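Structures are listed in the sections that come next.
In the two complexes below, chain A is the common chain; its partner is chain B in one and chain C in the other.
Our next item is the complex of A and B:
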């Protein structure tokens, strides 16, 4: 009945918005909450029914993390648990480091190589510019699974399988078109007059880029760098097929193989997952403004 | 007609431009274009036990995929699974992300919180999200079973990932979680550009909010909607690979054996690289067809513009 009055309707709408918001938040956050909470629970407690949604001090443990970082099985664990701590768990930390190294190099390549290229596409008309740009866009659409077979055979021949170098090259090639695409859109929103003024003042190209263009495009550049980092940090298809040992294995590859083990400690897997989502989550939260702006820059809005 | 001076200028600019974009092009040519061309060569070759026999068999691998009795049924099944997954995933992602975007667009207190929450699944690597969901689905420990049991929906713990009726839906649910945020941001950005005066005009005409949505919001959102459709279709055709790899391994039986998974199994489990590469090319072709459909057939204006261009 109250829904018939205007204020009643407004209140009903408010309640509806609130309810839907709670459902949405639960849906988005509960899986992450659960994996983090699981990683701090004793292995036996994980089997309890109902599960410990809000774990008490009795089930709390940091043993899973302790094992991942040290490779030492906590002395008070049962034989059952000892057998569940496979040594592959100790690869998680070096694999995350591998991922960070590879992603950082790819990000630097994107900034040094992709940023000027995007500037060129945005500001100059040159021979075949449209065609080359379309070619770039087209490579973005190509599924990685489509070239991974050929890539595997090529790398096998070049003796580059299981190297960080191969992954850095591939990830650079995958991320560059995206970087050029969003930065080109970003440059269209920056007036060209500043650059022209710098040119008239007798600035050479490199000086103009570093003194005028980079400061103006900084937010876009940061967004592009974050995207490049996150894409190469989380890539899975190439990472799992083209690597074999910890020499080059990234966190996605190690984690996927770890979770295949039927008798592997579930708590340890949860701890490994928590560790490996930490870097991108921190980046996402710290640079959320840049990411949101960057995602929409492409729309040309 | 250009003057000789202008032509010289253009040539100089071109030389300069290519000097700057050359490094990017080298990466793309060497790591994408070259393997792509090479995959055709692989697809035309015969492989036995992972080693090329040296024989060029041209389209035999493709013919085998479509006709050979040991290959074709599995291939057709993977096409059906892929299409089913893609259709449901695209519709689900578009509907859910549009709904959340409309919610954020209300600009109430807490909408900022939802935006940040959306960033989290977006930032989590796909393969890691697969590990998280595999853990949630776990038949004996899984929190999903715990919740459903606690709510009284199920009596006994169930194995969703190993049940042919549920496996694809389990993949789909995890997929939607990971890919809704991205589309939501695109929709939200699109909604933000619609001026409120348009809604006021609709209200003046006594259009209800549902009518206003279909008559005002949706038409104005068409460019964004189209872009989301293209991106999501491309994603849905291949980005489920990590989820299938971690959660179901294509099983149970062939319930989640999508084309992308089949490419992987043919190439790296059975080391039939030639056939795997041929399937990979078919997958890329399917994608091109979809993109063409969205961009050209669904967009009559663009077609017109094209005709006017020359």
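Our next item is the complex of A and C:
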């Protein structure tokens, strides 16, 4: 038997690990697969039982995307389907753009503010440093829903309801503690001697940061920036309560509003969901090397 | 006035006094080694000189100017760190050129100076590599080149050889010595001052022109290598410098007919001129003393000699150029280095003689040498 030899046992172990990974992967990817597959199916096919797990060419259509981008009800659709396309579907594309704009600005703020803040928390001792840091982390413990009403009133008084600026401010406040926390941990893994060497090599603080600290911390910085982007991009509670029009509505708010009607096209909702997945997916693919590096720091010592 | 001077430097960390009123002078061209066990404050002292640590009290004076408030980037000192701290994201060339770029030297000058410094430590062909593509010894050289390219006022070296394996370390040690020598020769004695921190006495004795032995934040003794070995001023220096360690025997030093003898247990050895000097102007005929004798100053005597002591060999270690003996004289343990040509066995009884000219005498209370005003 193969299990009686060491190499056989090792191979059996490998196969087991592989099987478990496949199961986990299927579990995680199945809903996404279902959404993507649904977005390309005719509405009528979506109501078939059993459902089309692996749709054939007969039920394939791009009508849902066509409507979202043009607002024109596809001429070849049935009367029933025409009534199911709500005009809110055309907001999906501008809402995704809103989300990208807001998340990008939040990311930039996280880098510009969070990076030096984390560096200072990691490298310098000052009066009350630990308390300030803990307080910062403690803000993460508040559930969004518990402050959203207060925030609503605050923004109402400031006349900032339904603005992108309000969301940028709130998302920065939400993401910064996390960014500072992981970057601070990252700095603890970078020997302080690099910075001391830079000092002796004639660098003042700013030059030391740009020439030595930023390059050394780059994987961590990119990982933190991506986390900040993802968190802002996918935020729902504040987005849905503090926005009203497409002036500031994000993709989460619009997506949620699509499914409110009783007879909304499910294919269109699936198409909208598929589109909203694309930006973070692209980001993750482009920076996958850095995300991994950020989580497993490697330094040429 | 000395080129670099530390005046009464004190550094207090929460719950610990790292450096305690330390004074140190170093001239241009000096190679000063701070030698001591770990935790004695030697690295802290170095970091204070660099400005990476701010002293609680005292002054750092460079070229007659108090630089205590000058930040590290404006002190014109180069440092080789224990972990070398080569910038991993820069090539060897960029690592070496970093300082010159920071002070905005022209491109041609940077190229020439980097090439010169790199050639000096034989890494001229490695300039395009990254630090993680280099061997331990090569990285060491890059770190050195990074300091050399600057011609700084002070070179600070923090256990630079600690990361290397034993064989490489010996090679780099000789290179350091040659390097320092050639730098001083080229500059006609006015090259930068070297301050070198180590816990390795071999490094200290071979490299230093002056060695400051540190213990618990203070300098126990500062002297040339040979003086340090031959004339230790206290028990700490006597036992810390020299390997195997100096033997210490507690007893009494006594005048006897214009001569001096050292008595311990019920034994007696000739203390010679050193003994007389240690007795010095003391009015008493007998003073308590601790006698120190290095293992190589204990000689085996064959045949019956009047003044020999009876000893038993407990263990015997072959070191190659000599044999290390653990002896017992009347239950007192002693170490002795013996000529390897003499055939010896463990548990054998032999006769030994202490070389009177190589004895050291210390005050048992203060642990200071009784031979300070010998000259």
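Keep this in mind: the second predicted complex is superposed on the first by the 260 of 301 C-alpha atoms of A that agree within 3 Å, B and C clash if a C-alpha of one lies under 4 Å from a C-alpha of the other, contacts with A are read in each partner's own complex, and residues count from 1 in each chain.
Keep this in mind: contacts are C-beta pairs under 8 Å (C-beta built on N, C-alpha and C of every residue); 3 or more make two chains touch, one makes a residue touch a chain.
These figures come from a predicted structure and were not determined experimentally.
S.K.: Chain A superposed: clash or fit between chain B and chain C?
M.R.: Chain B and chain C fit side by side in the superposed model.
S.K.: According to the stated criteria, A:154 is in contact with first (chain B), second (chain C), both, or neither; which is it?
M.R.: first
S.K.: Taking the superposition on A as described, I'd like to know which of chain B and chain C A:50 touches: first, second, both or neither.
M.R.: Touch status of A:50: first partner only.
S.K.: Between chain B (first) and chain C (second), which does A:207 come into contact with in this model arrangement: first, second, both, or neither?
M.R.: A:207 sits against chain C, while chain B stays out of touch.
S.K.: Applying the touch criterion given at the start, work out whether A:100 contacts chain B, chain C, both or neither, answering first, second, both or neither.
M.R.: Neither partner.
S.K.: Look at A:73 in the shared chain and tell me whether it touches chain B only, chain C only, both, or neither; answer first, second, both or neither.
M.R.: So A:73 meets neither chain B nor chain C here.
S.K.: So, A:266: does it touch chain B (first), chain C (second), both, or neither?
M.R.: It touches chain B, and chain C stays clear.
S.K.: Looking only at chain A, is it chain B or chain C that touches more of its residues?
M.R.: Looking at chain A, the partner in contact with more of its residues is B.
S.K.: Look at A:199 in the shared chain and tell me whether it touches chain B only, chain C only, both, or neither; answer first, second, both or neither.
M.R.: Once the two structures are laid over each other on A, A:199 reaches chain C alone.
S.K.: Just the number, please: smallest Cα separation between chain B and chain C in the overlaid arrangement, in Å.
M.R.: Superposed model gives a least chain B-chain C C-alpha distance of 5 Å.
S.K.: Per the definitions at the top, what is the overlap between the chain A residues touching chain B and those touching chain C?
M.R.: In the superposed arrangement, which is not itself an observed complex, chain A uses residues 299, 301 for both chain B and chain C.
S.K.: In their complex, what parts of chain C are in touch with chain A?
M.R.: Residue list for chain C touching chain A: 50-52, 71-75, 77-79, 81-83, 85-89, 98-99, 102-103, 130-132, 146.
S.K.: Applying the document's contact rule, which stretches of chain A touch chain B when the two form their complex?
M.R.: Residues 14, 17, 20-21, 24-25, 27-29, 31-32, 34-35, 38, 46-47, 49-51, 53, 109, 113-114, 116-117, 119-121, 124-129, 132, 135-136, 139, 141-154, 169-170, 172-174, 176-177, 180, 230, 233-237, 239-241, 251-253, 255-256, 258-260, 266, 269-270, 272-273, 276-277, 280-281, 283-285, 288, 291-292, 295-296, 299, 301.
S.K.: Which residues, counting only chain A, touch chain C once they are in their complex?
M.R.: Interface residues on chain A, with respect to chain C: 191, 193-194, 196-204, 207, 211-212, 215-216, 299-301.
S.K.: For chain B, which residues count as touching chain A in their complex?
M.R.: Listed in rising order, the residues of chain B that touch chain A are 10-11, 13-14, 16-18, 20-21, 23-25, 27-28, 30-36, 38-39, 41-42, 100, 103, 106, 108, 110-111, 113-136, 138, 140-141, 143, 146, 149-150, 157, 177, 181-182, 185-186, 189-190, 192-193, 223-224, 227, 234, 237-238, 241-242, 245-246, 260, 263-264, 267-268, 273, 276-277, 280-281, 283-284, 287-288, 291.
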